[in-house]
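My questions all concern the structure below.
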Amino acid sequence: MNITEILDSYKAGELDLSEAEKLIKHNDYDEMGFAKLDTQREKRSGFPEVIFCAGKADDYLVSIYRRMVANDGCALGTRANPEQAALIMESIPEATYDPVSRILKVEPAGGYKRTGTGGIVAVCSAGTADIAVAEEAAQTAEYFGADVLRFYDIGVSGIHRLLSKVEEIRTADAVIAVAGMEGALPTVLGGLVRNPVIAVPTSVGYGANFHGLSALITMINSCANGIAVVNIDNGYGAGYIATQIGRLAAVGR
Amino acid sequence: MNITEILDSYKAGELDLSEAEKLIKHNDYDEMGFAKLDTQREKRSGFPEVIFCAGKADDYLVSIYRRMVANDGCALGTRANPEQAALIMESIPEATYDPVSRILKVEPAGGYKRTGTGGIVAVCSAGTADIAVAEEAAQTAEYFGADVLRFYDIGVSGIHRLLSKVEEIRTADAVIAVAGMEGALPTVLGGLVRNPVIAVPTSVGYGANFHGLSALITMINSCANGIAVVNIDNGYGAGYIATQIGRLAAVGR
Amino acid sequence: MNITEILDSYKAGELDLSEAEKLIKHNDYDEMGFAKLDTQREKRSGFPEVIFCAGKADDYLVSIYRRMVANDGCALGTRANPEQAALIMESIPEATYDPVSRILKVEPAGGYKRTGTGGIVAVCSAGTADIAVAEEAAQTAEYFGADVLRFYDIGVSGIHRLLSKVEEIRTADAVIAVAGMEGALPTVLGGLVRNPVIAVPTSVGYGANFHGLSALITMINSCANGIAVVNIDNGYGAGYIATQIGRLAAVGR
Amino acid sequence: MNITEILDSYKAGELDLSEAEKLIKHNDYDEMGFAKLDTQREKRSGFPEVIFCAGKADDYLVSIYRRMVANDGCALGTRANPEQAALIMESIPEATYDPVSRILKVEPAGGYKRTGTGGIVAVCSAGTADIAVAEEAAQTAEYFGADVLRFYDIGVSGIHRLLSKVEEIRTADAVIAVAGMEGALPTVLGGLVRNPVIAVPTSVGYGANFHGLSALITMINSCANGIAVVNIDNGYGAGYIATQIGRLAAVGR
Amino acid sequence: MNITEILDSYKAGELDLSEAEKLIKHNDYDEMGFAKLDTQREKRSGFPEVIFCAGKADDYLVSIYRRMVANDGCALGTRANPEQAALIMESIPEATYDPVSRILKVEPAGGYKRTGTGGIVAVCSAGTADIAVAEEAAQTAEYFGADVLRFYDIGVSGIHRLLSKVEEIRTADAVIAVAGMEGALPTVLGGLVRNPVIAVPTSVGYGANFHGLSALITMINSCANGIAVVNIDNGYGAGYIATQIGRLAAVGR
Amino acid sequence: MNITEILDSYKAGELDLSEAEKLIKHNDYDEMGFAKLDTQREKRSGFPEVIFCAGKADDYLVSIYRRMVANDGCALGTRANPEQAALIMESIPEATYDPVSRILKVEPAGGYKRTGTGGIVAVCSAGTADIAVAEEAAQTAEYFGADVLRFYDIGVSGIHRLLSKVEEIRTADAVIAVAGMEGALPTVLGGLVRNPVIAVPTSVGYGANFHGLSALITMINSCANGIAVVNIDNGYGAGYIATQIGRLAAVGR
Amino acid sequence: MNITEILDSYKAGELDLSEAEKLIKHNDYDEMGFAKLDTQREKRSGFPEVIFCAGKADDYLVSIYRRMVANDGCALGTRANPEQAALIMESIPEATYDPVSRILKVEPAGGYKRTGTGGIVAVCSAGTADIAVAEEAAQTAEYFGADVLRFYDIGVSGIHRLLSKVEEIRTADAVIAVAGMEGALPTVLGGLVRNPVIAVPTSVGYGANFHGLSALITMINSCANGIAVVNIDNGYGAGYIATQIGRLAAVGR
Amino acid sequence: MNITEILDSYKAGELDLSEAEKLIKHNDYDEMGFAKLDTQREKRSGFPEVIFCAGKADDYLVSIYRRMVANDGCALGTRANPEQAALIMESIPEATYDPVSRILKVEPAGGYKRTGTGGIVAVCSAGTADIAVAEEAAQTAEYFGADVLRFYDIGVSGIHRLLSKVEEIRTADAVIAVAGMEGALPTVLGGLVRNPVIAVPTSVGYGANFHGLSALITMINSCANGIAVVNIDNGYGAGYIATQIGRLAAVGR
């Protein structure tokens, strides 16, 4: 109900003053005491609220999953550890867990979104150690309806591996480039593709990589065009924005 | 000419061995001695090479502008100072300069791209001191064909200013959020819109802002979804990627 | 006894030279060998010394709690782990422990201070993971006599949750804003309330949050007025200063 | 006009639908194109919007001063350089400028606020080089109605200077402690006074002071209670929050 | 044997060419394969080589202790953990271990040096959590012959504790000031004493203390005279240099 | 097969179009799904691909070792922990593991390269705690055919130890200087030898060494000539480049 | 007058109550309004207050020099620029200025202190660019009575230069080691001398030296014993503490 | 003269005791008071001492150039500004200056070293703004006898430019890779060539490049083999070490 509708309903006497006031003040969330579930998120953004599992207390986590499944019939959680996965799967048997991406989700049969409504997303990783983050990105994008192409271990120190895949990568609406250590992959990709590159630094490396800061700084300073960066190891965030981009492209197809 | 075509032409005798070899080795740039103009950029990316004017020697700058105008009939340069602008305008009378955005460009009548082919881009700035960066973003997007909506001085310390504009901002295919100091604007916008937010930290501020690092770090750590970040003061980069996104959306309209 | 009084007593022969000298040299603490309890703290500041439990050796900790309870009948400790709590509760049965805030205290019946003498303090948290720090702030303020209002999970990425509570928050004498990740909550609150906002960065987040530095830097650079910042995760410090402020306001009521 | 009033007026026909909608959307600012003056700030916070002069273009600056003086009869600006001061004083003859604090203001006869309504604020500086920042704090507090006590050059390396002033400093409702270099002053003051200490790091120093970061970090890590910190060189911010605190205390007198 | 002596011996035929050459090339260490014990250290510096136990492999550690005790009849080791202590004490029964300072040593009856030959050293600590580092300093100084005065828990947030001890502290030839968190103790001491202050930052604290960097930076930027700084938690280094200073003073007594 | 050869073979009909295209697109790697082994690395660089074991999943690690041994008869892995070593040795009995350097390798009888084909490499370490990194460098260089001279525990705080070895060190084609803490060794060596010094900072130290950053920064800022630096603890990288240098020298012998 | 004396005088009626109270409160400074000259400094520390000229306003500077010369007949100022020197020399003709060290002083005939009362101080510099800082140290030490030995351009990249001077340097009571870039000089010196080394990092260098931070961090992490560090470019501080040390040694001669 | 020779001469009476002692103490430099020219550098390293002009006082600079030309007939200086160049060229007419590389040198006819004795060095730059640093490297290498191949503007965001030059670059004995911004060039080159890559980060860029730190950190963390790094903008250092490598290779040709 938007403001015009609230005002009309109020004038028409369908709402009394306190009801109208409350609605205008946007009480559009689900108060759980320790949390306020953002029930209007899907309406505002096209995607539902997602659960960041790391560090959540067990009882909070179970409550939130249950409430979201009760409300929507599905739920997506990231950074779940195996103990949390076991806990939720005990409580909600249809939940599934992938230990590589650490995604713990409940999906309706056929998935939450129809494949392709989120466009085509290419997920590229520099090394094998970046696969966990790449999979978080890929599976997030798939949950939100993207058709995902995976290109792993194509880091720029052996540039022929990347070059052999360029034409396939160029078919994507958005490209996710996941890299740790020196983080050069997005720069090279940015010079070869047409559509946006979402760069994801990872904490892979040692020494002066400062837990991923090296790759983050590299990516922020990229001399290539068409690159924007998310937080270190934030595969989820990359999958989200790539699907937002793909969704715009999918509308026209 | 792709590799299949080169191989066919070679077999057909239309190319000799050295010609084919040279083509395969990608000699697709314009060698100027001190520089190699990337003449295939537009073919690869849909946008031409752009000139980063800051720090370029005068004679290099003039040569590059002339070569690009000769090749393409147009040229876009960023970070030009007034002296550089005077120099180029003397050499190329149809060049124009905007001292706020520091963009120095040569455009054909009617512009380089038709308005709207780059989609709809909203450019939001937190404060008046961020306008220079915001304009670099806005004018870059316009050059590349976006239809730009401007929302300036809507920083979150007076949240009612931003809230009064949300419905207009939500109509954009991509939102650019420009902010210095604590850099909170993209986070609040990210929670209110549907499409991607490109966050641009600026060096505006003092003290512990570390020339924009504070805003950069804020934006990278944003708790909102759908946000990706470019370098400090990089209005150009934000305008570029926002137009890439808008272009995907415009295809379907 | 102030200096005038000491001098008078000395002249009157009520103190001999060495006694007077000792008093003037401020021997106003309780020497425990490994520690010097600041027994005049309450007189100077209105609040007693508080025990920072983390890292204290077991025997030191027990000695300090016992001495303080013997002197004052009460004691407040922060950052106690469950083992320390068990240890103290074994030694001082009336001690109580809250595992969320990690506060371990001994209070007289009715509390150490009468509720309201420390004014009204609003404690706001951005996310559910910030609740531990928020509760340390809230319970510290309550111990020192504040009337505490709690507003949890009102982070700015879903701004409607915060907006729905603004009128209640505005009733507080001091507002504590607890946030990790990008730390934008205090800036938005600072623009909406009338009284001081004490900002508490938390170490909640990952990647480029640098264990809370991101939120700290954000808060220090806030473009809003009326904000001052305490150390990362320092809920206690925020509760303390907020109650100092509330106490000034309570006098006039 | 709050939401209840708007709804009532609307029902009573005093407002039509579009007027009501606009009011509800908070159009409570003064749109100047390049800026949006926050005309409801005083109503929300008790203090008007203040002009941060540094880096503002000349014509913007003159427009903003004129508009604020036209609206309110007064205006406070900070970080004005002498050229900006001359410019504004030419345009608004009753403007006054203090080159030490760099405050450029227009005040009604008798001042903007009655002295004492902002409580009693003590402004302490560690060294003579910190006086510029201390005066920005002091004059801000005075503009907003505080009664200011000044204690300069009482740094802790000659602790007797500070000790000789403690009893006077303790009379303040809020204490501002301004220090550069190692920034130890607030910690010592925090242990000696009863009311809040607002710590202001300054960029005074050299070598490893990192333009004030050393003092900032010192103050954030203070082992004393009752200290909160503002940005480096942010005298204005300290004066503002100290007066907010003093205002609460003044109500009861 | 200095070069003149070697040359004389060689000319006199007491040394042959290769012996002389070897001596000149300074083979003044004890080659152990994995290590080269600096057997001339005591001759050069007046103090023997000391063993940094942390991280040393068990067999290396035992070999080194044994060799040093065999050569000199004594050995001083720092940063030994309890397991290492047990290992050495099994191998060398007269070894003793102090778990607070983590010093593991073998001393002749009566000590390695006569007390007082290393002057008078005052060891001051800000808090009880700094005692481990303070004791490393104190026991190092004692091993090297200093007469040590201990003043613990005299941090500047309760300045009266420090002031009550100033006259005693002033009797020392060198003052060691150990502090974590904001690290202000050395600055206040530096203003009150006559002889050098060796400042030791500790890693005690949390949040923005960055494992002791905050205290280190504070101390390096101290506005007081007569202060020099050693590494974070480096009690040993402070005890060493303080004793060097005390030794110079003791000569004249 | 280079491009000329591919074109010739294609024209001669020895390759069909798709074969030629595939070869030109550089499909010169071994696709393993999760990884792409760079089978042309030895041809390009003279050295084969090496396995960075740390963090690799067990099944990936076994697959990679097996594939490399199947392809080449040998494999070099670094940063292997004892569990990984046991796993590989169970699967490939001829594998050997050195717990100091953490190198896990499979070598043909007589070694992968003939000793001396990689020139003469001196490996110097400052302290005994740097030996793990020094051995990684030394054993890498040996694997690649270098003749390695070891000089351990020659740190500059006892300069005579280093000076006694200078003439031997000067015989090397490349010098590796491994040091933690203040990292001064490469600077002193750089002034004494004729050939390149590869500096390896280590994470050995404590306090303000920031896990090796101190040594890295020291080495990068060295005032001596002929020094270049690799990542913290990167013994492998130093061994590699030192052998590249030695290989150039060995050609002429 | 110490507290015992004040109490006695008071009892004897030589002081009235307010006089005694004032004395006890330590009003032992010279109030100048903008500054509080620490007139008891020499009594407390043996050295007078010193003027840090950089950044002081002209009128403040003249007032302070005049007041100090009037009180004591001499004054030492550091970091004076040529304009300040001219200003003071105009006002106080006997003032002298050294443009290398930037020391601006007024000394009685024969100097402020007799040479040798401050012991023997060796001042060593790594490069010629470090001489300005080295001279600040040397001239400060001379002013305070040290006998100074200078050793310039003995950086460790040409170690023979340093080694040729070691025996002379070893005669000093305290050694000042001034170095920029990688800052290795103090470590090598620390291993060669018997008495304390005061390390002074300088801002000399470029690139990753971070204005002297590289040398500071190197020195703090030194693996040699007997080293303590002052702030970047703080020649004055090093000269001060070295003379404190020398003074202790001189007593016994 | 080595130690054996000195000892023999001494025994033979060709040297007296003090002469022998002095020689042994390595008085192998030219004492100029403010500086100690390292006259044995060429003997030790094969290359003479080089003058770092930046920041040197005019009279020092002239003295040093004159002394070096008098001793050796040639001199190489780096980082000379045009004023210094004019000064030296006035004093030494055969001096030449290149304003791009800022190299100011005096060379004998035919050059200081014969071309090719320093091997073959490829100097690659990522962008045109990196040319100044690249030329410092190239001209240093040429001065020391290298045969230099230049490849400018081959940054990885247009990878085809680099790929078209790979076969030429592979002919070099050492490759210098100069890049600012994100600094990815050395990583890609490292994967394509056989010989060592010396990486030179430059300060080219803006925003979060931190004056070249971004490129430095990227290069240190490179995932490619055969890369070592010098300081930011240190073209000279890269030219030096590349020529050391080339010299080893040239011996065998």
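Here the chain labels run A, B, C, D, E, F, G and H in written order, and each chain numbers its own residues starting at 1.
By our rule, a contact is a pair of C-beta atoms (placed from the backbone, for glycine too) under 8 Å apart; a residue touches a chain by one contact, two chains touch by 3 or more.
Molecules present, by chain and UniProt name: A, B, C, D, E, F, G, H = Nickel pincer cofactor biosynthesis protein LarB.
Everything numeric in this text was worked out from a predicted model, so none of it was measured.
The pair from F-G, C-G or D-G that reproduces the interface of A-F, where over half of the contact pairs by residue number are the same, turns out to be D-G. For this pair, chain E with chain H, the centres built from the Cα atoms lie 41 Å apart.
Averaging C-alpha coordinates per chain places the centre of chain C 59 Å away from that of chain H. If you average the CA atoms of chain B and of chain G, the two centres end up 54 Å from each other. The set of chain G residues touching two or more other chains comprises 25, 158, 163, 191-192, 207-209, 213, 216, 220-221, 225, 231. Contact between chains, using the touch rule, shows up for A-B, A-C, A-D, A-F, A-H, B-C, B-D, B-F, B-H, C-D, C-E, C-G, D-E, D-G, E-F, E-G, E-H, F-G, F-H, G-H. Against chain G, in their complex, chain H makes its touches with residues 25-29, 34-36, 38, 40-41, 54-56, 60, 201, 203, 211-213, 216, 231-234. The part of chain C that touches chain G in the complex is made up of residues 3-4, 7-8, 10-11, 17, 20-21, 24-25.
Taken in their complex, chain H has these residues touching chain F: 44-47, 50, 119, 173, 191-196, 198-199, 216, 220-222, 225-231, 237-238, 240-241, 244-245, 248-249, 251-253. For chain B in complex with chain C, the touching residues are 126-127, 155-159, 163, 181-184, 187-188, 190-192, 205, 207-210, 213-215, 217-225. The part of chain C that touches chain A in the complex is made up of residues 128-129, 131, 152-154, 158, 160-161, 163-164, 204, 206-209.
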